[in-house]
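Take a look at these structures.
Shared chain: chain A. Partners: chain B in the first complex, chain C in the second.
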Partner chain A sequence: MSIESSGTAEPSTPSTPSEPSATAGRAACAGATAARGGFIELDGLVKSFTVRRKAGVLRRTKHEVRAVDGISFSVARGEMVGYIGPNGAGKSTTIKMLTGILVPTSGRLTVAGLDPARERTRLARRIGVVFGQRTTLWWDLPLRDSYHLMRRMYRIPDARYRQNLDHCTELLDLGPLMDVPVRQLSLGQRMRGDIAAALLHDPEVLYLDEPTIGLDVVSKAKVREFLRTVNEELGTTVLLTTHDLTDIEQLCERVMVIDHGRLVHDGGLDALHADGGSERTLVVDLERELPPIEVEGARAVRVEGPRQWLAFPASASAAPLVAEIAAEYPLVDLSVREPAIEDVIARMYADRSAL
Partner chain B sequence: MGLYAVVAALGFRRYATYRVATAAGVFTNTVFGFVMAYTYMALWDERPHLGGYGVAQAVTFVWMGQSLLAASSILGGGFEQELAERIRKGDVAIDLYRPADLQLWWLASDLGRAAFHLLGRGVAPTAAAAFFFPLTLPDSPVTWLFFLLSVALGVVVSFAIRYLVALTSFWLLDASGIQQITALAGIFFSGMLLPLALFPGRLGDVARVLPWSAMLQIPVDVLLGRHTGGGLAQALAFQAGWAAALLAAGRLVGMFATRKVVVQGG
Partner chain C sequence: MAEDLRAVEGSRLADGVRAYLIIAWMWVRSTMAYRASFIMLTIGQFLGSGLDFAAIMLMFAHTPHLGGFSLGEVAFLYGTSGVALGLADLLIGNTDKLGQRVRDGSFDTLLVRPVPVFAQVAADRFALRRVGRISQTAVVLGWSFTVIEVDWTVGRVLMVPLMILSGTAIFGSLFVLGAAFQFWASDAAEVQNAFIYGGNTLTQFPPTVFAKDLVRGATFLVPLAFVNWMPALYILGRPDPLALPRLMDFASPVAAALSCAVAALAWRAGLRGYRSTGS
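And then the complex of A and B:
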């Protein structure tokens, strides 16, 4: 299978406007943020790929796949926005267009007043990018060497460079790692190294594509804490792509959900849970096997020996539930599970199509 | 230091990190040098002055081949496999969003690597050979300087070919077939197997004007003093011409590739 993108000047690619029904709700939302001065502006952005599939011994049929299908949003300077969606939803394609390494098929796109694809190099000096699954660091050489290169690449003034490096080194605990070859770093250490590399030149925008993927709990917490500091102290605009809902909950007031190349939600996280009717799960271990627990505000969804799973609305507090169960049942242990982002989105998407 | 100078310096240091690999390379080059030098001596014993080379010149040709094999990357390799792999896996996205030129970036890193290989893997085999074989090395420092210039141009030509090979990954996703073909072409058309002066007729004429001759045949002929005066200028111009043409082709293909083709992976 070979994949080719169709560039802007491709006459064979029809530019279809996005359906009004899908954009109507969002237009108001985008309008509201644009009034605050949109720093990242997308207007009806489309990216389609031509995929050739085997249809016979020699025959190939062409299919047009729309990875991004008419997305509009606006992010104000200094905002920290979550950009989530299931695998293949079009998140990375959007980020590639925002950095200028993919040319949109149609629609408008500006970052800091620049057209990314046309002014890629100029824009590159003003943005920072972290791809969780890739690294910008030199594999065979100590971390320090990669940073030295960043300093040349972004022409960072000496004083500024030293200050930023010291700051990152302190907050991300990079001190002992500076002279270790990158290939010897653990995933969490390498990720911290990559995040520092993306910030040395004081970017105005930071794109993070799954910055916590594969990290343990401690490393995740460290990365989140650092990102919050960067956003608050430096006013860096952050667009965060992740599969970890906790990242979003702890960092972003606003979250955009994309599915099948379309924006299906743009607003607060609470609204997302309300939209998706999402539920948290209380896992209860009892002393012995008992019939399903009956309490108000939750329902037993699964019983397995002395363990029971109770679903309750994500917006409700777990405390009264726990108190009630502890009072009436022989409770041994319990834990709360957050709703998986895929479930929230899946439910939301199902609800949308039912409307 | 400018950005690309730092990239070149890091390219040098990357390869300098692996000392055992360097020693193993030197050992291999030296063993092959001995095998080929004795083969050449047998051949020249039978046919003296073959291609206009005396036996000492022919043996020098062998050892220069071994000394330049890694530096000029005659068999391919170096950055090219890395770049091809980055394109295949989509890591090239990182190279593309940098405020740097893709081709210059990789050229700088490859020049750094070549400089290390010239020192680390070039000097030792020929120095060792000088104890066992009569070599024809120039006395004049000027000839050595022109030789180094010619080697540098050869490295750029080699880079430009490998850059084009690596870029085919954007379309083919697997460039290893093309890499093997260019490695074979490299062995034969650079003069690595036999000096190109030995090939008769049409084959020789064609082999001598292909870009691969810039990688070994011309630098060694410069060292042996077979190009002097106007001939020397012409030989260097030939190398520079191929370097410019192939770099321009690489730039064009690179622009086309990055505008039209997908960067792989999510």
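And then the complex of A and C:
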């Protein structure tokens, strides 16, 4: 996979994240950048479902669920954006509209200048999609055969295909899995296989719907690392949904938060934390049981044997804190935990109503 | 403009056929990885579907005629209906798995690929072992030619492939219609199977053994009569039990085209109404 060919007729010079166009989206909230033709453009997008519920023995009531309730944003070429929100917030529904699977109820939507629902098949050549909960691979076929089918379906030129497959195989460590039927792969292996499948045809944009859900720590790290490489080296635009803030922390400079179908934040992760005044947690393993650690800028919230939990403002850096603790305490291991998205959102609302 | 549109439609069709062949071939290849199991399954299908005909032969052990038709003539009906269904089942029989894909959400993944979704659904799990059924019914059909007494004019000869093609198209459109229905009722596969396999059993026997109302239903409601009854009446030189105009004996291609059109419309409507699933 190299930058020069993105497999489209349009001259595409993927902007690197340092260019102004890529950072523009971070500057302001919902819709402010929508005016200047971004690569992905949403304007007042709505999707509602009519749901029938049993309301008695025979009676059924109809009611409307607004899964996406008027969302506007714009994503520039080459950006890597996190789309985060609690379960049922409307993340998957948004992705389904962006890929043309669902037709919006109202609002405007373009991806690469195309209307996804009307030009779904044409758009498919230019996008890559990964669904965390379901595979695009053929369940009963070995990975190799699935990829071969992809090659034929997307009409990927031979040399290109080899190059891309080799690249993915190496970075995602797929070599030993190539001849294993997909149904025999572990969740993490399958996810890596799926991500490779989505990239073989050099898509201009990659959507990932909860790519890290249910993965073990090692697989998560591998997936994140790979996504960063794809975005940085190939300039592929990446939009990933998640309800795990750690994904965002490690990958995205820009994060959009969706709750009850509405965009409640669009900007940097720092700004999100500042907004919500949320706290991260430093989990510290000491050599032995000690009284609660006392350091500036953090407070011990829990002690369990040699393990201690320290809360500190999410907008602050963990590095000085770690240095200080390491200098004064017998440190064995430590890790940083992001706050749960539900808490961040709850705090945002609390802040707003307090104003 | 119209020409452009036709070109687009034409290339979509070509795309679809190409995608179908690519996917089907992949399944054939993967089946061949377990050659012994494939051979066993195919023989199994051959024998299993042969039991049907054994039952018919048993009936003829007690009577020389069934509704006025000889064993050879019934074998002719059995063969034409069986080959038509077998071909339809081989080519697009897997569309009946659509409901399951809608339910588990995997249908979404087909929609993000750059090839027509129908081709993907139709070719999914292409099962070559179904030639087992096709060859069994073809053997019966071949045998029937050696025993029925027919004045083989050019018209009658041509009618044989024409009725098999029409029958394949009619059974095929029943498959598609059933699949389209599964967009709304994802557990409708049972109903579909009842129509298709019921229809197959029906058309294995002469129309004369059934109540007239049933025959009428199979003519005008579900066009099963055009799978083989109508053209067979012409080939075998039999009167029509419903006393319909003779022209109807030649109407199979028209009935097939109509049912394909209805099926295509239903499929489009179903696809348009598709609303995925909440996770």
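Here are a few things to note about the model shown:
As a convention for this text, the second predicted complex is superposed on the first by the 261 of 355 C-alpha atoms of A that agree within 3 Å, B and C clash if a C-alpha of one lies under 4 Å from a C-alpha of the other, contacts with A are read in each partner's own complex, and residues count from 1 in each chain.
The rule is short, and it goes like this: a residue touches a chain if its C-beta (ideal position, glycine included) is under 8 Å from a C-beta of that chain, and two chains touch if they have at least 3 such contacts.
Since the model is a prediction, treat every value here as computed from it, not as a measurement.
Taken together through their common chain A, the two structures put chain B and chain C in a clash. Touch criterion met: A:Gly100 reaches chain B and chain C at once.
When the two structures are aligned on the shared chain, A:Arg125 is found in touch with chain B and with chain C. In the superposition on chain A, A:Asp145 contacts both chain B and chain C. Residue contacts after overlaying the shared chain place A:Gly214 against neither chain B nor chain C. Put chain B and chain C next to each other and count what each touches on chain A; the higher total goes to B. After superposing the two complexes on chain A, the stretch of chain C that clashes with chain B is 167-175, out of 5-13, 167-175 or 239-247. Contacts of chain A with chain B, set against its contacts with chain C after fitting on chain A, overlap at residues 49, 88, 92, 96, 99-102, 120-122, 124-125, 127, 129, 131, 133-136, 138, 140-141, 145, 148-149, 152-154.
On the side of chain A, the complex with chain B involves touching residues 2-5, 7, 49, 87-88, 91-92, 96, 99-103, 120-122, 124-125, 127, 129, 131, 133-136, 138, 140-141, 145, 148-149, 152-154, 181.
Residues 49, 67, 88, 92, 96, 99-102, 120-122, 124-125, 127, 129, 131, 133-136, 138, 140-141, 145, 148-149, 152-154 of chain A are the ones touching chain C in the complex.
Those residues of chain C that touch chain A in the shared complex are 19, 22-23, 26, 29-30, 104-106, 108-109, 111-116, 125, 275-276, 278-279. On chain B, the positions that touch chain A within their shared complex are 1-3, 6-7, 10, 13-14, 17-18, 90-91, 93-94, 96-100, 171, 173, 258-263, 265-266.
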